[in-house]
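There are two complexes below, and they share subunit A, which is joined by subunit B in the first and by subunit C in the second.
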Partner chain A sequence: MRARRRSRAFHAQLVFTVLVAAFLVVPVLMSITAGLTVNFFQGVKSGLTLRWIGEVWRLYRDTITLSLMIAVACLAVDLVVGVPAAYVLAKARSRWTRLVEEALVLPIAVPGLATALALILAYGTWREFRTSWLFILVGHVLFTLPFMVRAVLAVLSSIDLRTLEEGAASLGASFWQRFTGVVLPNCRGGILAGALMVVTLSVGEFNMTWMLHTPLTKTLPVGLADSYASMRLEIGSAYTVVFFFMIIPLLIGIQLAARPRRMAGVGEESA
Partner chain B sequence: MATPGLARRDRPWLIALMLPVLVIFAAFFILPMVRLAGVGAGGPRGLAAYAAIVTEPRYFRSLLSTLALSAGVTVLTLAIATIAGVFLQRNTFRGRSALIAMLTFPLAFPGVVVGFMVIMLAGRQGLIGDISRLLTGQKLVFAYSMAGLLTGYLYFSIPRVILTIMAAAEKLDRNLEEAARSMGASAWQVVRDVILPGLRPAFLSAGAICFATSMGAFGTAFTLATEIEVLPMTIYTEFTLRANIALAAALSLVLGVITWLALALARTAAGSSVAASA
Partner chain C sequence: MSEGGVAIRLERCGKTFDDGTRAVAPLDLEIAAGETIVLLGPSGCGKTTTLRMIAGLEAPDPGGRVRFGEVDVTEIPIERRNVGMVFQSYALFPNMTVADNVAYGLRVRRVEAGARAARLEEMLAMMKIGELRHRHVDQLSGGQKQRVALARALAVRPRVLLLDEPLTALDAKLRDVLRIEIDALLRRLGMTAVYVTHDQAEAMALGDRIVVMSHGAVEQVGRPREIYFTPANRFVVEFVGTMNRLRGVARDGYLEVAGGRVPWRHGVAGDVEVLFRPERAAVVEAGAGGLTGRVLTAFFLGDRTRLVVEGISDTPLIVETSARTEFKPGQEVHVAIDSDALLRLAR
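Take a look at the complex of A and B:
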C-alpha cells in the first residue's frame, strides 16, 4: 500500500553499505573457492576437488586437534574460576572488587605479544612447562577470562541477586545451595554467551600463541601462518576453509546468544 | 535474617571463590609483567632502553608509522561504520539482517586470516589485480604495501566498530531530530548537529578499541610480511632474530602502556556510562 519512494540518499547509503559488506565477504568466498578448486590460477573451470582439504588434514591434523583441546581446556578453566569470580564481583561491590575487575581486563588491553613475551621471560627456563601445551593454555586463559567474567557479570547485574538469595537463605538454604541452586541457574544465558566467545577466541588466537608455541605445540592459527608462508595458495585456502568450518557455527551461536541483550564486551579481542 | 548478616556469613565463601582467579592472575600476569619490566631495564642500555623508542631512529620510525596507521584506520573505520551502522539502524528493508550478519561475522577472525583475505583481494593472484588488468592492462598488487596493511586493519576493525555504533544509534533520541527538522534544519544539519554529537561516546569508546587493537595487531602484518615495520613486528624481530631481549621487553612494555592508556583515556572522556562496553 505504502508506495513510499526511497530517497536518493537511501540508495546511496544502501550501495555504500553493500560495498562494505562485499569487501568483507568476497575474500572469504574467494578463499573457499580457492580451497576447493584444482588450480586457482586457472579458475573454477579447472574443476572442483577435495584434494587440498585432504592434504590439509594430512599435514595439519595435529594443529586442529591441539586447538580444539586447548579451547575445551580453556573453557573448563574459565568456567571453574571465572564464573565464581563474576559472582563475587557482582555481590561484593567495593573498591577492591572494582580494582580486581579492572585488573582482569588488562590482558585484553595489553597486546598479546607483550603478554607472551612476559610469560616466556618469567617461565621460559622451566623446560617441561615451556614445551607443553599448558604453556599456551595459560596465555589463552588470561586472554579469554575477562570475556567469561564480563558475560556472567552482565547477567548478574541485571537481576535482583540480593532478593533471590535472601529468599533462599530465609528458607534455610546454605551458601553452597544458594550458589548452585539459585545463582548458577540464573546466569545460564551469560555463561552460554561467555562460553561461545571463549571457545571462538581460543581457537583463533594467534598474537600470543605464535610466541608461546614450540614445533611440537602448533595450534591451528600457527599452522595457518605456516601454510600461508610456505604452501601453495590452494592449500592455504583449504586450511582456511577448515578454520571457517570450525568457527562459523560458533560465530552464529554468538549472534543468536547475544540477540536478547547487547554483546557484552565483544569487539575488544585483538586481531 | 538481615542482609548485613548474610553478607558477613558469606564472606569466607566469597574469598574462597575469588581466590583461584587471583592466584592465576598474580602468577601468570602480574609476576611475568614485573619480570618483563625488569628485563627491559636490565640490558646493556639499562633504563635507557625505555627511551630507545624515541631516541633510536629505527624504533622511532616504527612507532610513528604504527601510530599513523592506527590513527588512520580508526578515523576511516569510524566514518565507514557510522554511515553503514546508522543506515542499518534507521531503515528496514529486505536483506537488512543478512547485511548486518555479513558486516559482523568476521569479528573473531584472527589477524593471520585477515592477512590472507588481503592477499585474496590485492595479492599477486588477487581479485583487484584481475579486475585492474581487465580494465587498464595493469595488474594492481598492493597487499604487501602500506595500503595492504590499511586494508587488513580496516577488515578487522569494521565489524567491531559497527556493532557499537549500531547500539548507540538505537539509543539516540529521535525527538531531537524531529525538533531540529521542524525548526528548519536541513538533513545535513541534523546529521552534523544532532546525530554525530549524540554518537560521541560511542566514537570515543569504539575508536579507542580500534586504535588499541591496531597498535597491537601482529598477525596481519606477519602474514603480509610487508616492508613497513609496525611496532609489534619490530618487537618480534628484535626478540627472535636479533636476540635483543632487553630491548624487545622494553618496547613491548611501552607498547602495552600506549594501548592501555588509549583505552583508559577514552573511558574517562566518555564517562562511566560506557565503562561496561569499553
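Take a look at the complex of A and C:
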C-alpha cells in the first residue's frame, strides 16, 4: 500500500522532470535541426545539409577565431592578475580587503552596457585602442576577473593557508618556492573552476561586447546577433550549432580537469 | 651537520601586536643544547607566541634578541633559521604524498637526489610510516599525520625542534602512545626541543624543564618536580596538578578547621589558608585522628576512588583512596592530612 503510494509520487515527479527538461531541451534541438535542414519552413523533409554551416564558416570565421583569441587572452590576464590578487586578499583579511573584494564585483552588478559606455566615454577617442580587439579584451577582463578571484579566494579561505606556508617556510622554502610548490597546487581546483567560468563567460559575452565592437572586431555572439538580424534563419541556426560545438567540448574538458582527485579507502583512525 | 642541537637564548623578548595587545612581556630564557623545554600555560598565556619568536615567525619587540648558540638570529627569517616545526593542525601539504611531504624540506634545499632518497628512507623507517609513503595526506589518521609531520620536520636535521601542541588534536589513548614516542625520540636524538602545551601531564612527562606562563609572563621555570612540589605562586599551584585548600584558624600549635584540627608548625597564628595535594591525605578509620567530613560525590576510577569531601574546610576537598569500600554521598569519612604537606603561599 505504502510502496504503491510512493511509486505514484515517484512517477508524478518523473513526468514533471521530463516535461521541464523537454521544455528546455526542445528549443535547443529545434535550433540545431534548423541549422542543418535545407529549408526550415518546409521542415526536415526538405533534406539535411551542411551548407549553412559552411556558409557560417565562410562569413564568420573571423568572429570565431577572434572570440577564441579574446577568451584565451582574457584567461591569461585573469590568471596573472586574479590569482595573486586572491592570494593577497586571502592573506590580509581586513576591512580594507573586504572593500576591494566588493569593488571587484561591481562590473557584474552594473549592467554591461553601462560599463561599455564608460569605457567608450573614457577611451573612445583613442582611435588605435578603440578599434583594436584589446578594447574588447579590457571589457571582458573587467567582467570576468571577479569570477576568477572569487573562485580562487573560496578555495584559499577553505584551507589553512597560513599554517601551510609557515610549515613550508620552516623547512627552508623561500617565498617563491612556497607560492609555486604549496599555494598554487592547493588552489588548483579553484583556479580551474575560475578558468572554466572565465572562458565560457568571455566566449558568450554579448551585452558589453555589442557596445564595444567595431565592424572589424566582432566576436562570436555579436556575429550571431548579426546573422539572425540580417541572414536566413538557417544561417543563424547553423551559427548556434557552431557555437555549441565550440563551447561544449571546452566545458567538458575543463570540467574533467577540475574534477577532484578520487580518494581511495581512507584508513581508520589508528596510530 | 649532525643531529643534536644548539643552545637558545631569549633576551628581553616581548611581543606586542599591531592592535596594541601585549602577548608576551619581555622575558629572558636560556635553553641548553639538547634540552627539552616545555612552555606550559592556559590558552592566551603567550606560550605559542614565545615559540613563534624562537621559530622566526614573529619578530620580538625592539630590544629583544634571539640567539642560537653564539649567533644572533633575530633578523633571520624562519626559512634560514634551520628549525623543525610541528603544528597542532599538522600543516601537511594536501597536494603531496607522504613521501613528498617528508622530502619537501630536502627538495627546497636542493639536496642531491641520492642523498635525498636515503634520508627519506631513514625518516620513514624512524617514524614507522614506510607503508604509508604513497598515501595522500587526506587518507591518514590523526596519529599518522603527526608522525609524518615529525618525519618531515626532522628530515632537514634542524638545530631545534619546535612543537606547538602536537598532540592536542588526538584522542587520549593515541596521545599517550605518541607522547612516549616523542619523548624517546628527543632523548635519542639529543635535540634541543621547545614544546608548547596546555596539558600539565604532558609537560611533566616530556620536559627537562617547564616554563609556566600566564598572561604573557613567566610564572615559574623549573624541573617538573620543582614545579609540582614547590610551586612559586598561586597561579602555578592552581594550574599544575590538583590542590586542596584548607582555611582555618591557627592557634596553640594546631590549625583548627571546620572538620577538626591538624598540627600546625608554621608559627603564624590567626586566620590562615594552606594548600595540600590530594595524595598527601588519606581516608582513615573513625577515631584515628582524622578530620571529619561528609562525602559529596565519589568517583570510582578502578584502581582507586576519588572522593569529594565537604565539611572539612570551607570548600570541598579532593581525597583519593585505594580502599575497596564503596562510598556513598552523605556518608561520614575521616581524612588524615600529612602536616608536612601543608603549603603556605606568600601572596
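The working rule: the second predicted complex is superposed on the first by the 235 of 271 C-alpha atoms of A that agree within 3 Å, B and C clash if a C-alpha of one lies under 4 Å from a C-alpha of the other, contacts with A are read in each partner's own complex, and residues count from 1 in each chain.
In this text, a contact is a pair of C-beta atoms (placed from the backbone, for glycine too) under 8 Å apart; a residue touches a chain by one contact, two chains touch by 3 or more.
Because the structure is predicted, anything quoted here is derived from the model rather than measured.
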Touching partner for A:W133 - first (subunit B), second (subunit C), both, neither: neither
Subunit B versus subunit C as contact partner of A:F143, first or second or both or neither: neither
Partner chain(s) touched by A:L106 [first = subunit B, second = subunit C, both, neither]: first
Superposed model, subunit A: greater residue contact from subunit B or subunit C: B
Partner chain(s) touched by A:W52 [first = subunit B, second = subunit C, both, neither]: neither
Subunit B versus subunit C as contact partner of A:G181, first or second or both or neither: second
First (subunit B), second (subunit C), both or neither touched by A:I159: second
Which of subunit B and subunit C A:A169 touches, first, second, both or neither: both
Intersection of subunit A interface sets (partners subunit B, subunit C): 166, 169-170, 263-271
List of subunit A residues in touch with subunit B within their complex: 9-10, 13-14, 16-18, 20-21, 23-28, 30-31, 34, 40-41, 77, 80-82, 84-85, 87-88, 91-92, 100, 103-104, 106-107, 109-115, 117-119, 121-123, 138, 141-142, 145, 149-150, 154, 162, 165-166, 169-170, 175-176, 179, 200-201, 204-207, 210-211, 221, 224-225, 228-229, 233, 236, 240, 243, 247-248, 250-251, 254-255, 262-271
Contact set on subunit B toward subunit A in their complex: 1, 3, 6-7, 9-10, 13-14, 17-18, 20-22, 24-25, 28-29, 31-33, 35-36, 39, 80, 83-84, 87-88, 91, 93, 99, 101-121, 125, 127, 153-161, 163-164, 167, 187, 206, 209, 212-213, 215-220, 222-223, 225, 232, 235-236, 239, 245, 248-249, 252-253, 255-256, 259-260, 263-264, 276-278
Subunit A to subunit C touching residues, read off their complex: 159-160, 163-164, 166-174, 177, 181-182, 185-186, 188, 261, 263-271
Subunit C residues within the subunit A interface of the complex: 55, 57, 77-80, 82-85, 87, 89, 91-95, 104-105, 108-109, 135-136, 138-144, 152-153, 156, 162, 171, 174, 177-178
